[in-house]
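The chains carry the letters A, B, C and D, assigned in the order they are written, with residues numbered from 1 in each.
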Amino acid sequence: MVIAEITIVPIGTGSPSISRYVAECVRALEDAGIKYTLTPMGTILEGSLEEILEAVRMLHRIPLNKGVERVSTRVVLDERRDKNATAEDKVKSVEKRLKGKE
Amino acid sequence: MVIAEITIVPIGTGSPSISRYVAECVRALEDAGIKYTLTPMGTILEGSLEEILEAVRMLHRIPLNKGVERVSTRVVLDERRDKNATAEDKVKSVEKRLKGKE
Amino acid sequence: MVIAEITIVPIGTGSPSISRYVAECVRALEDAGIKYTLTPMGTILEGSLEEILEAVRMLHRIPLNKGVERVSTRVVLDERRDKNATAEDKVKSVEKRLKGKE
Amino acid sequence: MVIAEITIVPIGTGSPSISRYVAECVRALEDAGIKYTLTPMGTILEGSLEEILEAVRMLHRIPLNKGVERVSTRVVLDERRDKNATAEDKVKSVEKRLKGKE
(Lines give C-alpha, C1' and ligand atoms only; values in the text may rest on other atoms or scores of the structure.)
Protein backbone atom coordinates (compact mmCIF):
# COMPACT_ATOMS: atom_id res chain seq x y z
CA MET A 1 0.00 0.00 0.00
CA VAL A 2 1.14 3.50 -0.87
CA ILE A 3 0.10 6.76 0.74
CA ALA A 4 0.37 9.65 -1.69
CA GLU A 5 -0.32 13.34 -1.94
CA ILE A 6 -1.28 14.97 -5.21
CA THR A 7 -1.71 18.65 -6.02
CA ILE A 8 -2.90 19.85 -9.43
CA VAL A 9 -1.92 23.43 -10.37
CA PRO A 10 -3.59 24.81 -13.53
CA ILE A 11 -1.44 27.57 -15.09
CA GLY A 12 -2.60 30.39 -17.34
CA THR A 13 -6.32 30.25 -16.51
CA GLY A 14 -6.68 33.97 -15.78
CA SER A 15 -8.09 33.27 -12.31
CA PRO A 16 -6.25 32.65 -9.03
CA SER A 17 -9.02 30.25 -7.93
CA ILE A 18 -8.46 26.57 -8.64
CA SER A 19 -11.26 25.06 -6.51
CA ARG A 20 -13.42 24.18 -9.54
CA TYR A 21 -10.64 21.91 -10.84
CA VAL A 22 -10.09 20.38 -7.40
CA ALA A 23 -13.85 19.71 -7.14
CA GLU A 24 -13.75 17.92 -10.54
CA CYS A 25 -10.83 15.83 -9.28
CA VAL A 26 -12.75 14.87 -6.12
CA ARG A 27 -15.74 13.79 -8.23
CA ALA A 28 -13.43 11.66 -10.41
CA LEU A 29 -11.91 10.02 -7.30
CA GLU A 30 -15.41 9.28 -5.95
CA ASP A 31 -16.45 7.73 -9.28
CA ALA A 32 -13.26 5.65 -9.41
CA GLY A 33 -13.74 4.44 -5.81
CA ILE A 34 -10.30 5.61 -4.69
CA LYS A 35 -9.78 6.35 -0.99
CA TYR A 36 -8.93 10.03 -0.58
CA THR A 37 -8.79 12.87 1.95
CA LEU A 38 -8.78 16.56 1.08
CA THR A 39 -6.19 18.76 2.84
CA PRO A 40 -5.58 22.53 2.43
CA MET A 41 -2.55 21.84 0.22
CA GLY A 42 -3.45 18.70 -1.72
CA THR A 43 -5.32 15.43 -1.76
CA ILE A 44 -4.14 12.33 0.11
CA LEU A 45 -4.63 9.08 -1.81
CA GLU A 46 -4.31 5.50 -0.55
CA GLY A 47 -4.00 2.37 -2.66
CA SER A 48 -1.59 0.17 -4.55
CA LEU A 49 1.19 1.88 -6.53
CA GLU A 50 -0.65 1.03 -9.75
CA GLU A 51 -4.00 2.42 -8.50
CA ILE A 52 -2.33 5.65 -7.39
CA LEU A 53 -0.42 6.20 -10.63
CA GLU A 54 -3.64 5.55 -12.58
CA ALA A 55 -5.35 8.19 -10.40
CA VAL A 56 -2.47 10.62 -11.07
CA ARG A 57 -2.92 10.07 -14.83
CA MET A 58 -6.65 10.74 -14.56
CA LEU A 59 -6.41 13.80 -12.27
CA HIS A 60 -3.55 15.45 -14.16
CA ARG A 61 -5.65 15.33 -17.36
CA ILE A 62 -8.81 16.86 -15.86
CA PRO A 63 -7.82 20.55 -16.22
CA LEU A 64 -6.18 19.86 -19.63
CA ASN A 65 -9.41 18.24 -20.86
CA LYS A 66 -11.29 21.34 -19.70
CA GLY A 67 -9.10 23.54 -21.91
CA VAL A 68 -6.41 24.65 -19.45
CA GLU A 69 -3.20 25.13 -21.48
CA ARG A 70 -0.69 24.09 -18.83
CA VAL A 71 -0.83 21.95 -15.71
CA SER A 72 1.84 21.45 -13.05
CA THR A 73 1.11 18.38 -10.92
CA ARG A 74 3.02 17.57 -7.73
CA VAL A 75 2.97 14.04 -6.39
CA VAL A 76 4.65 12.49 -3.37
CA LEU A 77 4.54 8.71 -2.94
CA ASP A 78 5.30 7.20 0.48
CA GLU A 79 5.65 3.41 0.60
CA ARG A 80 6.70 1.43 3.62
CA ARG A 81 7.40 -2.30 3.54
CA ASP A 82 8.14 -2.98 7.23
CA LYS A 83 4.56 -2.37 8.38
CA ASN A 84 1.10 -1.72 7.02
CA ALA A 85 0.10 1.78 8.07
CA THR A 86 -2.83 3.81 6.72
CA ALA A 87 -2.76 7.58 6.26
CA GLU A 88 -4.75 7.85 9.51
CA ASP A 89 -2.22 5.63 11.34
CA LYS A 90 0.61 8.00 10.35
CA VAL A 91 -1.03 10.96 12.08
CA LYS A 92 -2.04 8.83 15.09
CA SER A 93 1.54 7.61 15.48
CA VAL A 94 2.75 11.20 15.93
CA GLU A 95 -0.13 12.08 18.26
CA LYS A 96 0.63 9.03 20.42
CA ARG A 97 4.25 10.16 20.79
CA LEU A 98 3.13 13.66 21.72
CA LYS A 99 0.87 12.32 24.47
CA GLY A 100 3.57 9.95 25.75
CA LYS A 101 5.96 12.82 26.46
CA GLU A 102 3.46 15.25 27.94
CA MET B 1 -0.94 35.45 4.87
CA VAL B 2 0.70 32.36 3.48
CA ILE B 3 -0.52 28.77 3.72
CA ALA B 4 2.37 26.32 3.58
CA GLU B 5 3.08 22.62 3.82
CA ILE B 6 6.34 21.32 5.21
CA THR B 7 7.65 17.75 5.31
CA ILE B 8 10.92 16.85 7.00
CA VAL B 9 12.60 13.64 5.78
CA PRO B 10 15.58 12.43 7.88
CA ILE B 11 17.94 10.30 5.75
CA GLY B 12 20.36 7.63 6.97
CA THR B 13 18.84 7.08 10.42
CA GLY B 14 18.67 3.29 10.13
CA SER B 15 14.93 3.27 10.85
CA PRO B 16 11.99 3.74 8.46
CA SER B 17 10.02 5.49 11.23
CA ILE B 18 10.21 9.27 11.33
CA SER B 19 7.37 9.99 13.79
CA ARG B 20 9.75 10.91 16.64
CA TYR B 21 11.16 13.78 14.53
CA VAL B 22 7.68 14.89 13.48
CA ALA B 23 6.62 14.88 17.15
CA GLU B 24 9.64 17.10 18.01
CA CYS B 25 8.61 19.46 15.20
CA VAL B 26 5.05 19.66 16.51
CA ARG B 27 6.35 20.50 20.01
CA ALA B 28 8.54 23.25 18.52
CA LEU B 29 5.55 24.69 16.60
CA GLU B 30 3.46 24.66 19.81
CA ASP B 31 6.25 26.45 21.71
CA ALA B 32 6.62 29.02 18.95
CA GLY B 33 2.86 29.64 18.82
CA ILE B 34 2.60 28.91 15.10
CA LYS B 35 -0.77 27.78 13.70
CA TYR B 36 -0.38 24.26 12.30
CA THR B 37 -2.36 21.16 11.26
CA LEU B 38 -0.90 17.68 10.94
CA THR B 39 -1.75 15.72 7.77
CA PRO B 40 -0.63 12.20 6.76
CA MET B 41 1.97 13.67 4.36
CA GLY B 42 3.17 16.84 6.08
CA THR B 43 2.32 19.73 8.34
CA ILE B 44 0.22 22.71 7.21
CA LEU B 45 1.45 26.07 8.53
CA GLU B 46 -0.29 29.45 8.44
CA GLY B 47 1.28 32.84 8.98
CA SER B 48 3.21 35.64 7.34
CA LEU B 49 5.93 34.67 4.84
CA GLU B 50 8.56 35.66 7.42
CA GLU B 51 6.95 33.57 10.20
CA ILE B 52 6.71 30.55 7.93
CA LEU B 53 10.31 30.76 6.69
CA GLU B 54 11.48 31.12 10.30
CA ALA B 55 9.47 27.97 11.14
CA VAL B 56 11.07 26.16 8.17
CA ARG B 57 14.54 27.13 9.47
CA MET B 58 13.69 25.82 12.93
CA LEU B 59 12.02 22.57 11.82
CA HIS B 60 14.66 21.67 9.21
CA ARG B 61 17.34 21.88 11.94
CA ILE B 62 15.54 19.65 14.49
CA PRO B 63 16.69 16.27 13.11
CA LEU B 64 20.17 17.67 12.34
CA ASN B 65 20.50 18.89 15.93
CA LYS B 66 19.53 15.40 17.11
CA GLY B 67 22.44 13.90 15.15
CA VAL B 68 20.74 12.93 11.87
CA GLU B 69 23.40 13.25 9.14
CA ARG B 70 21.14 14.33 6.28
CA VAL B 71 17.74 15.97 6.05
CA SER B 72 15.59 16.55 2.97
CA THR B 73 12.88 19.14 3.63
CA ARG B 74 10.02 19.82 1.22
CA VAL B 75 8.13 23.09 1.47
CA VAL B 76 5.26 24.47 -0.59
CA LEU B 77 4.20 28.09 -0.08
CA ASP B 78 0.79 29.23 -1.33
CA GLU B 79 0.12 32.97 -1.18
CA ARG B 80 -2.94 34.68 -2.57
CA ARG B 81 -3.35 38.45 -2.74
CA ASP B 82 -6.90 38.73 -4.15
CA LYS B 83 -8.58 37.41 -1.01
CA ASN B 84 -7.81 36.39 2.56
CA ALA B 85 -8.42 32.64 2.85
CA THR B 86 -7.33 30.37 5.68
CA ALA B 87 -6.24 26.75 5.22
CA GLU B 88 -9.72 25.74 6.43
CA ASP B 89 -11.39 28.07 3.88
CA LYS B 90 -9.51 26.35 1.04
CA VAL B 91 -11.01 22.95 1.86
CA LYS B 92 -14.46 24.48 2.49
CA SER B 93 -14.37 26.21 -0.89
CA VAL B 94 -13.99 22.84 -2.65
CA GLU B 95 -16.65 21.19 -0.46
CA LYS B 96 -19.09 24.00 -1.25
CA ARG B 97 -18.60 23.47 -4.99
CA LEU B 98 -19.13 19.73 -4.58
CA LYS B 99 -22.44 20.30 -2.77
CA GLY B 100 -23.55 22.89 -5.32
CA LYS B 101 -23.31 20.43 -8.21
CA GLU B 102 -24.80 17.40 -6.48
CA MET C 1 4.71 15.58 -24.18
CA VAL C 2 5.34 15.94 -20.48
CA ILE C 3 8.48 17.21 -18.77
CA ALA C 4 8.85 15.73 -15.30
CA GLU C 5 11.23 15.68 -12.38
CA ILE C 6 11.55 12.66 -10.12
CA THR C 7 13.50 12.29 -6.88
CA ILE C 8 13.71 8.99 -5.03
CA VAL C 9 14.49 9.23 -1.30
CA PRO C 10 15.26 5.90 0.44
CA ILE C 11 14.48 6.12 4.19
CA GLY C 12 15.98 4.05 6.99
CA THR C 13 19.03 2.78 5.12
CA GLY C 14 21.56 3.70 7.78
CA SER C 15 23.60 5.79 5.33
CA PRO C 16 23.14 9.40 4.25
CA SER C 17 24.40 8.53 0.75
CA ILE C 18 21.77 7.70 -1.85
CA SER C 19 23.92 7.80 -5.00
CA ARG C 20 23.93 3.99 -5.41
CA TYR C 21 20.12 4.03 -5.77
CA VAL C 22 20.23 6.98 -8.14
CA ALA C 23 22.82 5.13 -10.26
CA GLU C 24 20.49 2.08 -10.41
CA CYS C 25 17.68 4.37 -11.52
CA VAL C 26 19.83 5.87 -14.28
CA ARG C 27 20.71 2.36 -15.54
CA ALA C 28 17.02 1.45 -15.59
CA LEU C 29 16.20 4.62 -17.57
CA GLU C 30 18.99 3.81 -20.06
CA ASP C 31 17.66 0.25 -20.48
CA ALA C 32 14.10 1.51 -20.95
CA GLY C 33 15.22 4.10 -23.53
CA ILE C 34 13.67 7.02 -21.66
CA LYS C 35 15.08 10.51 -22.25
CA TYR C 36 16.52 11.82 -18.97
CA THR C 37 18.90 14.44 -17.53
CA LEU C 38 20.50 14.23 -14.10
CA THR C 39 20.38 17.38 -11.93
CA PRO C 40 21.73 17.91 -8.39
CA MET C 41 18.21 17.55 -6.93
CA GLY C 42 16.50 15.00 -9.17
CA THR C 43 16.19 13.51 -12.62
CA ILE C 44 14.39 15.25 -15.48
CA LEU C 45 12.30 12.92 -17.66
CA GLU C 46 10.67 13.63 -21.03
CA GLY C 47 7.96 11.58 -22.72
CA SER C 48 4.23 10.95 -22.89
CA LEU C 49 2.29 10.99 -19.62
CA GLU C 50 1.98 7.19 -19.82
CA GLU C 51 5.73 6.71 -20.42
CA ILE C 52 6.59 8.95 -17.51
CA LEU C 53 4.19 7.32 -15.05
CA GLU C 54 5.53 3.91 -16.09
CA ALA C 55 9.07 5.22 -15.38
CA VAL C 56 7.90 6.51 -11.97
CA ARG C 57 6.49 3.04 -11.15
CA MET C 58 9.78 1.40 -12.14
CA LEU C 59 12.09 3.89 -10.37
CA HIS C 60 10.06 4.05 -7.14
CA ARG C 61 10.35 0.24 -6.82
CA ILE C 62 14.14 0.06 -7.33
CA PRO C 63 15.20 0.81 -3.73
CA LEU C 64 12.28 -1.30 -2.35
CA ASN C 65 13.40 -4.26 -4.49
CA LYS C 66 16.90 -3.82 -3.07
CA GLY C 67 15.56 -4.21 0.47
CA VAL C 68 15.04 -0.57 1.50
CA GLU C 69 12.07 -0.53 3.91
CA ARG C 70 10.65 2.87 3.00
CA VAL C 71 10.83 5.11 -0.04
CA SER C 72 9.56 8.66 -0.45
CA THR C 73 9.33 9.63 -4.13
CA ARG C 74 8.69 13.19 -5.30
CA VAL C 75 7.38 13.77 -8.81
CA VAL C 76 6.46 16.98 -10.62
CA LEU C 77 4.71 16.74 -13.99
CA ASP C 78 4.66 19.79 -16.29
CA GLU C 79 2.46 19.54 -19.37
CA ARG C 80 1.77 22.33 -21.80
CA ARG C 81 -0.74 22.10 -24.63
CA ASP C 82 -0.25 25.48 -26.33
CA LYS C 83 3.23 24.66 -27.64
CA ASN C 84 5.67 21.80 -27.91
CA ALA C 85 8.70 22.64 -25.76
CA THR C 86 11.45 20.26 -24.66
CA ALA C 87 13.21 20.44 -21.30
CA GLU C 88 16.11 22.17 -23.08
CA ASP C 89 13.73 24.71 -24.69
CA LYS C 90 12.44 25.71 -21.23
CA VAL C 91 15.91 26.72 -20.04
CA LYS C 92 16.72 28.41 -23.38
CA SER C 93 13.52 30.43 -23.19
CA VAL C 94 14.67 31.98 -19.87
CA GLU C 95 18.22 32.54 -21.15
CA LYS C 96 16.85 34.31 -24.24
CA ARG C 97 14.85 36.69 -22.05
CA LEU C 98 17.90 37.38 -19.91
CA LYS C 99 19.97 38.28 -22.96
CA GLY C 100 17.16 40.42 -24.40
CA LYS C 101 17.15 42.70 -21.39
CA GLU C 102 20.89 43.01 -20.94
CA MET D 1 25.94 24.25 3.30
CA VAL D 2 22.52 23.51 1.87
CA ILE D 3 21.66 22.55 -1.70
CA ALA D 4 18.13 23.59 -2.59
CA GLU D 5 15.74 23.63 -5.50
CA ILE D 6 13.11 26.33 -5.88
CA THR D 7 10.29 26.59 -8.40
CA ILE D 8 7.99 29.60 -8.55
CA VAL D 9 4.56 29.00 -10.13
CA PRO D 10 2.47 32.14 -10.80
CA ILE D 11 -1.27 31.29 -10.85
CA GLY D 12 -4.03 33.20 -12.62
CA THR D 13 -1.85 35.21 -15.00
CA GLY D 14 -3.81 34.33 -18.15
CA SER D 15 -0.70 32.96 -19.88
CA PRO D 16 0.84 29.49 -19.69
CA SER D 17 4.33 31.04 -20.05
CA ILE D 18 6.21 31.75 -16.85
CA SER D 19 9.68 32.43 -18.28
CA ARG D 20 9.46 36.21 -17.70
CA TYR D 21 9.09 35.59 -13.95
CA VAL D 22 11.89 33.04 -13.94
CA ALA D 23 14.13 35.57 -15.76
CA GLU D 24 13.33 38.18 -13.07
CA CYS D 25 14.26 35.63 -10.41
CA VAL D 26 17.58 34.89 -12.13
CA ARG D 27 18.38 38.62 -12.25
CA ALA D 28 17.59 38.92 -8.54
CA LEU D 29 19.87 35.96 -7.74
CA GLU D 30 22.68 37.53 -9.81
CA ASP D 31 22.25 40.86 -7.97
CA ALA D 32 22.26 39.11 -4.59
CA GLY D 33 25.38 37.11 -5.48
CA ILE D 34 23.75 33.73 -4.75
CA LYS D 35 25.17 30.64 -6.47
CA TYR D 36 22.48 29.16 -8.72
CA THR D 37 21.96 26.81 -11.68
CA LEU D 38 18.91 26.80 -13.92
CA THR D 39 17.30 23.41 -14.67
CA PRO D 40 14.21 22.65 -16.80
CA MET D 41 12.08 22.23 -13.65
CA GLY D 42 13.52 24.74 -11.19
CA THR D 43 16.54 26.60 -9.95
CA ILE D 44 19.26 24.99 -7.84
CA LEU D 45 20.61 27.22 -5.05
CA GLU D 46 23.67 26.71 -2.86
CA GLY D 47 24.46 28.50 0.39
CA SER D 48 23.85 28.52 4.12
CA LEU D 49 20.31 27.72 5.32
CA GLU D 50 19.83 31.40 6.16
CA GLU D 51 21.02 32.59 2.72
CA ILE D 52 18.73 30.13 0.97
CA LEU D 53 15.64 31.00 3.00
CA GLU D 54 16.33 34.70 2.38
CA ALA D 55 16.51 33.91 -1.36
CA VAL D 56 13.21 31.99 -1.13
CA ARG D 57 11.58 35.04 0.52
CA MET D 58 12.89 37.32 -2.24
CA LEU D 59 12.02 35.04 -5.18
CA HIS D 60 8.54 34.11 -3.93
CA ARG D 61 7.67 37.83 -3.76
CA ILE D 62 8.84 38.70 -7.29
CA PRO D 63 5.66 37.66 -9.16
CA LEU D 64 3.44 39.05 -6.36
CA ASN D 65 5.24 42.41 -6.59
CA LYS D 66 4.58 42.37 -10.34
CA GLY D 67 0.85 42.05 -9.74
CA VAL D 68 0.35 38.29 -9.94
CA GLU D 69 -2.54 37.44 -7.58
CA ARG D 70 -1.36 34.00 -6.46
CA VAL D 71 1.98 32.25 -6.29
CA SER D 72 2.72 28.63 -5.45
CA THR D 73 6.40 28.14 -4.57
CA ARG D 74 7.99 24.70 -4.17
CA VAL D 75 11.25 24.39 -2.25
CA VAL D 76 13.35 21.34 -1.41
CA LEU D 77 16.26 21.74 1.01
CA ASP D 78 18.97 19.07 1.14
CA GLU D 79 21.51 19.37 3.95
CA ARG D 80 24.18 16.85 4.76
CA ARG D 81 26.40 17.04 7.82
CA ASP D 82 28.70 14.04 7.23
CA LYS D 83 30.49 15.60 4.26
CA ASN D 84 30.73 18.83 2.33
CA ALA D 85 29.36 18.23 -1.15
CA THR D 86 28.42 20.85 -3.73
CA ALA D 87 25.53 20.51 -6.17
CA GLU D 88 28.07 19.53 -8.83
CA ASP D 89 29.59 16.88 -6.54
CA LYS D 90 26.18 15.23 -6.15
CA VAL D 91 25.84 14.64 -9.90
CA LYS D 92 29.50 13.57 -10.20
CA SER D 93 29.04 11.03 -7.40
CA VAL D 94 26.31 9.28 -9.42
CA GLU D 95 28.31 9.48 -12.67
CA LYS D 96 31.33 7.94 -10.95
CA ARG D 97 29.24 4.98 -9.77
CA LEU D 98 27.83 4.53 -13.28
CA LYS D 99 31.33 4.41 -14.77
CA GLY D 100 32.55 2.05 -12.06
CA LYS D 101 30.03 -0.60 -13.00
CA GLU D 102 30.28 -0.33 -16.76
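Throughout what follows, contacts are C-beta pairs under 8 Å (C-beta built on N, C-alpha and C of every residue); 3 or more make two chains touch, one makes a residue touch a chain.
Being a predicted model, the structure only gives us computed values, none of them experimental.
Enquirer: Name the chain whose C-alpha centroid is farthest from the C-alpha centroid of subunit D.
Expert: Chain A.
Enquirer: Is the C-beta contact count larger for A-B or for A-D?
Expert: Result of the comparison of A-B and A-D: A-B.
Enquirer: Any idea how many Å lie between the Cα centroids of subunit A and subunit B?
Expert: 16
Enquirer: For subunit B and subunit D, let me know how many angstrom lie between their CA-based centres, rounded off.
Expert: 20
Enquirer: Centre to centre, by mean C-alpha position, how many angstrom separate subunit A and subunit D?
Expert: Those two chain centres are 25 Å apart.
Enquirer: For subunit A, what residues touch not just one other chain but two or more?
Expert: 12, 16-17, 69-70, 72, 74, 76, 78, 80-82, in rising order.
Enquirer: Going by the contact rule set out above, which residues of subunit C touch subunit A in the complex?
Expert: Against subunit A, subunit C makes touches at 12, 49-50, 53, 56-57, 60-61, 64, 68-82.
Enquirer: Under the touch definition given earlier, write down the residues of subunit A that touch subunit D in their complex.
Expert: Touching subunit D from subunit A are residues 9-18, 69-70, 72, 74.
Enquirer: For a test of understanding, state which residues of subunit D touch subunit C in their complex under the given definition.
Expert: Within the complex, subunit D contacts subunit C at residues 3-5, 7, 16-17, 19-20, 22-23, 26-27, 37-42, 44, 74, 76, 78, 80-82, 87-88, 90-91, 93-95, 97-98, 101.
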